[in-house]
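My questions all concern the structure below.
The chains carry the letters A, B, C and D, assigned in the order they are written, with residues numbered from 1 in each.
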Amino acid sequence: MLEIEGLSIGFRDVEPPLEVVRDFSLTMEPGEIVGVVGESGSGKTMTALALMGLLKSRARITSGRMMFEGRDLLTLSRKGWEEVRGKEISMIFQEPMTSLDPLLTIGRQMEESLRLHTDLDRRERKRRVLDMMEQVGLPQPEKLYGCYPHQLSGGMRQRVMIGAALITNTRLMVADEPTTALDVTIQAQILALLKKMNQEHGTAILFISHDLRVIRSICSRVVVMYRGEAVEMGSVEEVLSSPQADHTKQLIAAIPDRENRLRGGKERS
Amino acid sequence: MKYLIKKIGTLIITLLIISLLSFLAFQVIPGDAALSKLGTGATGEKREELRREMGLDRPVLERYGSWLLDFIRGDMGESYTYSIPVSEMIKEKLPVTLAIAVMAFICMLAVSIPLGLLAGKYSGRLPDKILMVLDQLVMSVPGFFMGILITCLFGLVLHWFTPGGYVSYQEGWGPFLGYLIFPALSIALPKCAMGIKLLRSSVIGELGQDYVRTAYSRGNSQRQVLFGHVLKNSLLPVVTFWALAVADIVASSVILEQVFTIPGLGTLLVQSISNRDHPVVQAVIVLVAGLVVVINFFVDVLYGIIDPRVEVH
Amino acid sequence: MGRKSTVLEVRRLCAGYGKRKKYRQVLFDVDLCLDRGEILGLVGESGCGKSTLSKAILGFVPAKSGQIIHHTSRPQMVFQDPFSSLNPGKKIGWILEEPLRMQKDRLPAGERREKAVTMARRVGLDESFLERYPGDLSGGQRQRVSIAISLIQGSELILADEPVSALDVTIQKQIMELMLGLQEELQLSYLFISHDLDVIYQMCDRVMVMQAGRIVEEGEVERVFGAPEHPYTKELLAASL
Amino acid sequence: MEKGFYRYNMVVGGILAGVMTVFMLVGLFYTPYDPETMDPFLKFAHASLAHPFGCDQFGRDIFSRVLQGSGTTFLVAVGTLAIGAGTGTFLGLATGYFGGWPDEAIMRFNDLIVAFPSILLALISISLLGPGKYNVILALGIVFIPSFARIVRSEVIVHKDMDYVKSARLMGVGHMRILFVHILPNIKGTLFSALAIGFNNAVLSEAGMSYLGIGVQPPDASIGRMMSEGQAYIFTAPWSILFPGVVMILMVLGFGLLSDGCGDRDA
């Protein structure tokens, strides 16, 4: 479904020219959840934004190919991108607090993609939004429909974001650190919700995270990025149990887990 | 609703305090009203008599109370210089100044919103740079000089109006407004410059927000993002500026009335200050300050309507 | 290991923010006891009052009732956000020397510098860092500076409020190891606050679980993680991946 | 790109402001001709090498008059800033950092003052104090206090809640040292920017008041009054109003650009 080949992204206006992503390749099948893991500055968010055609104007794709369902995304015009975004590929972001427009109601924001990409009338759109609210586990949809983002908790807002992203039945969703800003219990709920939506709607998810623990719990395959390059790729079990690249080994060793306590030996009475 | 009631409460208290301050300010002038009215040559006895007659021997707060009641009823005292009721003098001048202020305000909105959006959207590129240089230049021109330049250009070079040829509204609203458009323009231009600059930086700030990225990710076009999401958000901080601009516009009209020789509230105020005609000065000040406070109140309410977050805090 | 002595005691502490009508209580009857050389973990979700507790212990938030008893001088703090905890306008050297300038018997400038250099080396930064501004340092390096500041006056009790939460995992591990090394070397006591159960497990001897301003469970790390008693602790453990 | 634009602003503004400051300082001590000497033969003389800005309706040298007027303007602006910015900064620092009821009270009062347009406020003060250079300084100075207090206060409030201030408290640093050594240097960008804007507002307000005839009084020279006098001859002798106007614009433009540069440097 998705085929990225030899993607490189760079900043041209700095001396010397800076490459933030180098020769990145990835393929995704429909309905798959693929993780991209890396530390800050590894280029994972850049890759995600490139896939949405949302790179800031200073960053340029210097080489590579991105095929989505047989279409070359890199040849798309501005108008062409507007047709793809929100209709075929959607995206959710890290900060549920700031990713929603503070001055528009929840309902209006959730129906936005429908308004832009379908001819449905207002009543039908509302019906679908209420239905979607139900699906993503938002309580009292009728009441929430007219609420503003500031009246919702972080977890609820992320549910709104997910609902808004899936309302047009997009084939692919890019999730950029969607649970990083959330508490652990909420994180678990959102991950469960993503899994459920993935199964029910068959939406493929490209899941970007810095946290291997999260990737481990939701993805089937993973790409490890380090300084702009994909250093390792494979099924999650494979990569975690027998990492090949040095950086992957470091990452795994640094995961705080309950196997190895750092606080050693000190017996207390 | 609670927000509205709270705001109305604040409005009333502010008005009271402003009137009290203005009243007190004119109580501490060296040489009291009786002296001003009689001149320095008067004898002590005569002064005492007049003081009693004017009620100056009563306690301050009591005098404030009766002054305020009179003021609300429309009795603003009598001019020292002309010995006619202040209210009549003001009633005649008020529409002139109001007309200038309203026109200047509308002009400011009409120019600064589209240009500010434009500059923000194209920030760093040529149209923005040109606009910013012009902006800075306009902001550096003293208000009265702007008036003089406009007189020069439209009056003396283009002959669109006759400088000094002010037509009273009693003689016809058309020519009246036609003349006032030029002082209004002189007042509005510097405010436009400031408004553009503010809106521009606000738009730039909002364009960098996460929700803008979200809007693009749903397939909004640039135009849809700008008008559907960014505009409303970036106007919020500018609304506060508009409220402050109202006060400035009124103040500038004091000066521009001089430049264009218009007999408005400003001219009255300047004359009265020169003549030390305190009742008139006091009345004009209280009126203008009151007006500004009331307009601020409406802006606050408007703010509450635009921003759903206000009710909560 | 040696004689056990208490460095910090908190008894039935209640605290909150705001005045009169707007008062919002955040901490309810919090008890805490920290021994010398002990690392006590404090875990809970955002808004539960973890940070408020540390601020109350340091006097930044007034206590409404209860007692805070310090058995050691000058407890110090390592903050979560390494970007705002160092004055952006001052060089690292200046910042490191500031606590020394505040001491009663002021050291001469040369000795202050020497002490700052020694301390910087101890947290793994060489002398050249003293001439840099906080803006030139990475998150991990700044956190090292914060640790150096907290130790330079010879404090024995360090409150660490999410000290590694803003860092990448590999850096996170380095900082945790640094803190553990210093702890053993100097017999420090830590109150270690984190939302990450795994980090707490790796770092701490004992753990307190906080929910909505109350301590709901407390005990040895192995015990709490192995056999949690309170339903909230169970929920947290179930949610962690 | 943005950054470069602002650096450019800063350089041009800095140079312009520097040149104009020198011009104003010179005007305090020296003029090529006596600004008050009238010469009927030079009435409305055009600009020439001897009289670069020409002469006015009484044959007085406009360049000398502008120079002297700039000196007065400078004096008024600096005096105003000394009173307004000095008091305002102090109030802002104290109320922002310590908070409590004095902060509450001063801010309420501030909100009230904002309702009065500043030039109107200055006019009232003048009507109470009477016109003249020193009264203008006093009136404008007082009028400027609230805006400085407000700007400094909001900056201090941002900084005092940052962790580095808490960290300093834990080091045992006293409140005064935190305020003046730790916080103040970090807000100097904003402060400089506000000072430049304040300077401009003072210049513009003084010019406006003098134009109305209730500002600086003779024998002190004033650009505002010169222009008020020159307005009648705008067609016969446009230079008598144009040159003073241009000098004033350059003054304000320089400091305006400088302020822009200062303010955006931190951003």
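By definition in this document, a contact is a pair of C-beta atoms (placed from the backbone, for glycine too) under 8 Å apart; a residue touches a chain by one contact, two chains touch by 3 or more.
Predicted, not measured: the structure shown is a model, and the values here were computed from it.
Considering the contact criterion stated above, no chain is in touch with chain C and with chain D alike. Counted as hops between touching chains, the shortest connection from chain A to chain D is 2. The greatest number of inter-chain C-beta pairs in contact is found between B-D. Using CA-based centroids throughout, the chain positioned farthest away from chain C is B.
Centre-to-centre separation of chain A and chain B, using mean CA positions: 51 Å.
The centroid of the Cα atoms in chain A and the matching centroid in chain C are 33 Å apart. One inter-chain figure worth recording: chain B and chain D are separated by 21 Å, centre to centre, where each centre is the mean of the chain's CA atoms. Chain contacts here close into one cycle, and each chain has exactly two touching partners. Across the whole structure, chains are in contact as follows: A-B, A-C, B-D, C-D. Chain B meets chain A in the complex at residues 209-211, 213-222, 224, 229, 232-233, 306-309, 312. Across the complex, chain D meets chain C through its residues 162-164, 166-173, 182, 185-186.
Contact residues on chain A toward chain C in their complex (touch as defined above): 39-40, 183-185, 187-188, 210-214, 216-217, 250-251, 253-258, 260-263, 266-269.
Interface residues of chain C, counted against chain A in their complex, comprise 1, 4, 38-39, 45-46, 168-170, 172-173, 176-177, 180, 195-199, 201-205, 220, 225, 235-236, 238-241. Of all residues in chain C, only 58, 60, 74-77, 79, 81, 84-90, 98-99, 102-103, 146, 149-150, 153 touch chain D in the complex they form.
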